[in-house]
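Okay, here's the structure, questions in a sec.
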Amino acid sequence: MSKISLDEFLSMRISQRCQYFSENNRLLALVYAQQFDRPLLSNLFSLADAIRRLSDSRDGRLFLRALLADRRAMLYFTQPSTRTFLSFAAACHILGMNSSNVRDSTTSSEIKGESREDSLRIFSLYHDLIIMRQPEGGFCEQIAFQMLSWPGRKPIINAGAGMDQHPTQALLDLYTLQRCFADSGGLDHKRIMLVGDLKRGRTARSLAYLLTNYSGVELILAAPENLAMGEDIKEHLRENSTPFIETDNMQPYLSKVDAIYLTRIQDEWDQGAKTSMDYSRFGLRAEHLKSLKADCFILHPLPRRQEIETSIDADRRAVYFDQAQNGMWVRAALIAHMFAVDEKIISHR
Amino acid sequence: MSKISLDEFLSMRISQRCQYFSENNRLLALVYAQQFDRPLLSNLFSLADAIRRLSDSRDGRLFLRALLADRRAMLYFTQPSTRTFLSFAAACHILGMNSSNVRDSTTSSEIKGESREDSLRIFSLYHDLIIMRQPEGGFCEQIAFQMLSWPGRKPIINAGAGMDQHPTQALLDLYTLQRCFADSGGLDHKRIMLVGDLKRGRTARSLAYLLTNYSGVELILAAPENLAMGEDIKEHLRENSTPFIETDNMQPYLSKVDAIYLTRIQDEWDQGAKTSMDYSRFGLRAEHLKSLKADCFILHPLPRRQEIETSIDADRRAVYFDQAQNGMWVRAALIAHMFAVDEKIISHR
Amino acid sequence: MSKISLDEFLSMRISQRCQYFSENNRLLALVYAQQFDRPLLSNLFSLADAIRRLSDSRDGRLFLRALLADRRAMLYFTQPSTRTFLSFAAACHILGMNSSNVRDSTTSSEIKGESREDSLRIFSLYHDLIIMRQPEGGFCEQIAFQMLSWPGRKPIINAGAGMDQHPTQALLDLYTLQRCFADSGGLDHKRIMLVGDLKRGRTARSLAYLLTNYSGVELILAAPENLAMGEDIKEHLRENSTPFIETDNMQPYLSKVDAIYLTRIQDEWDQGAKTSMDYSRFGLRAEHLKSLKADCFILHPLPRRQEIETSIDADRRAVYFDQAQNGMWVRAALIAHMFAVDEKIISHR
């Protein structure tokens, strides 16, 4: 790896930057959802399945716990997040890893005027892994790049960066879909509808991007006109010959899709004036259930508000809570991969 | 267990609701102090004694630590609490259990509009035990009920719910009394004075309730007139033939009781206008010590303010710091019971 | 140890108070930088070296982790601190110790009116070690004294007390200097320049104090006139025949010293009116590097602001990030010493 400057790095195409964060087919840093290609996804999903299976028995759990018992992770979460935080903490624990955390930048020495680069460099001296969630896009990328030149070259995971990237969420979404379709030929050739705030919802954007790794997937993009999927993602879909339909009415498609992925309207980004628009038609209600195929799965990255009526929770097609738990399994798989204990897990017993 | 609705559940009598949270003499959820009957109390106290004894040696501590090393607890504490929080965290650690926590609901995804039911359901997917402290009464009860229908049926412990219930505090108070009287025939036939805010103090209320499990206990209830013990508890005392005297003057009883349980005036519930009343006569001062029986124990759930002069701390009858530590032992015992490792502990060596 | 009152204790000379916190050459409490004499420093540094070396291998890390796996530490940090907090947490983890923390006194039961003495006493009942950082000087000293009379006599470490004392910072600074000079005859007879806020910077004050343990060390004290080193430290230097020069211009000394220790202007103590003075001449810039000796080491306790240009980070004489990591190693060494597992570590393999 030749030494280049941060500016040079940032001016590279995304595919080149992705290469920078891997070595011998192993991630050194996970920053972008674009780092997941199909072989890597396949490996991580097998690993997640194995970890889940081992976790069913006390012996399996104790085996897993011993794997990284000598390692420490740092959870640097300056953007509020409970679910992602706790599932990463649980993933660390599954592998026996100790975790420390900063969840509030006001307790940090940033108030003494330290740069965040210095802070992160110091955290990397105390820990073996940095898991980072930040309100600003770009910062994780920068630190991941700098980390490669700092002694120790500690691995780093992007646990959500503003409106930008949330690659482990994309990972758990795909893992959930892959499990849903495990008995029906896998993800290839499935028709999937994404619903809601496709403009700002990182999760829907990343998922659409990654679904181009699968053959013959068709997408229905159902969003309010002002919150339609961004041109960048649509361009990527076209380049990869993934057909998609845009609509602001999900109803006609309910009976035709193999999975519905609902998302929250991210109005926390509507600074000041909260929009008064009615987005209720981008929600799923009990009356819709009868329109769905018998094996159409219902996903949601959570937290939900009005997008899915709670009475739907009991429907066996509703998999959003499994999806949340899958976050823990794939995050454990990712960490195991980065610390190269994947072989031990796969070959156990 | 037949499926009933939450409303049906909440309309049941407390004794029926208690049954709902047990299976084969093992607690699935601890929500109410009323769930403790004498056989269960006796089991938990023996277990606490064994855990305490094992903790005296490094071998014993390492044995205990291995018991639940493959398990994770979630401490969901949205009501400020340091003591209860730390003693639960220590109890988890004694048994080797990893713990995560949410101590501030503002960092939670609740700010994104998620219902607390969804939050708790997701926490239960990442953890093997939920320990919950909430400012509102009733919420823990509701979640404990719902948890029984969610996959995994994770155990839950009420670590304090508003003015309502704080069952593990009652447990540690009883355990302390039982230890105090270990050499004098146990709790039966003892005369115990409860002093202070008996109206709002959960601890005094629960303790009075649970003391009806013992034979011939007599109670002196010494409280300001406006903070007297509630009618519900007094009714329960009458039903269970537990004699009690009400007074607003503790002085004449100092020489006649086997234990004094002092409590804090809970003026944090006096919203706005703090009462200007003088409650100083509900406190114990050094000059009172000579009036007490030579073996009259002094308890307090802590935190204390003016209720006990610090010079009393050195008196060998003052057991309130032991009482605080007992909280750790009985909480470890409770968790061990819920995870069915009690037999292993009792039979060790 | 005869029983004396807190007032009597506080009226003793510092050397007597230091004796109070040791037993059989082992620290019971670390409160003052003055407790470090040369034999103890030498032991702790050897121990830190051994821990660092063992941490290079998985076997070594697992050996260390087993040492205190049955112990619990409490980090009571009511003064904001990320670096010190995390390095103590990492130090605990290296030795397998579980840690709980209070990082915000507002979540504490202090709001219910409990005295801090009661709080700390209760924390000591749940934990085997208290690590404490407080904005007020004197409080740690008081608690450390009281702890000796409380049951359990739990060890306590001062992790920074206001403007007063920060002994583990002094320890890591000395350890770093000692490592820098390992191949050039050690710390004796070196010339060291301290730069910046020598009046309020605890770290520079403690370091100056402790350097009198070494023979023939010369000090250059470069500070703004209004932030010069305090008379107490200068008196100590004179008493111990440690020569020093005071200046407000570091430039002429750059080429003559073996190490430069830069510090931050602690303007958080300038309540209200922040000083508008220009302290830029107490910073090191790239243009200065050529003036330095080829083996002149650059230290800084961090966090830094403008005191060291970031381009200097890449210079091999810049050791401030090593210094930060050394904090973790010496803190682990200190804890190992206090729990008497030092022999096990030193004699391992």
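Letters A, B and C mark the chains as written, and numbering starts fresh at 1 in each.
One rule holds for everything that comes next: contacts are C-beta pairs under 8 Å (C-beta built on N, C-alpha and C of every residue); 3 or more make two chains touch, one makes a residue touch a chain.
Since the model is a prediction, treat every value here as computed from it, not as a measurement.
Q: By the touch criterion stated at the start, how many steps lie between chain A and chain C on the shortest route?
A: Minimal hop count between chain A and chain C: 1.
Q: Is the contact between copies chain A and chain B built from the same residues on both sides or from different ones, judged by whether over half of the numbers are shared?
A: different
Q: Which whole number of Å gives the spacing of the CA centres of chain A and chain B?
A: Inter-chain centre distance comes to 41 Å.
Q: Which chain B residues reach two or more other chains?
A: Counting only residues that touch two or more other chains, chain B contributes none.
Q: Show which residues of chain C lie in contact with chain B when the two form their complex.
A: Checking each residue of chain C against chain B gives 69-70, 72, 74, 98, 100, 102, 106-115, 117-119, 121-123, 125-127, 151.
Q: For the complex, which residues does chain B have touching chain C?
A: Residues 58, 61-62, 65, 80-83, 86-87, 89-90, 93, 103-104, 264, 268, 302-305, 310, 321, 324-325, 328 of chain B touch chain C in their complex.
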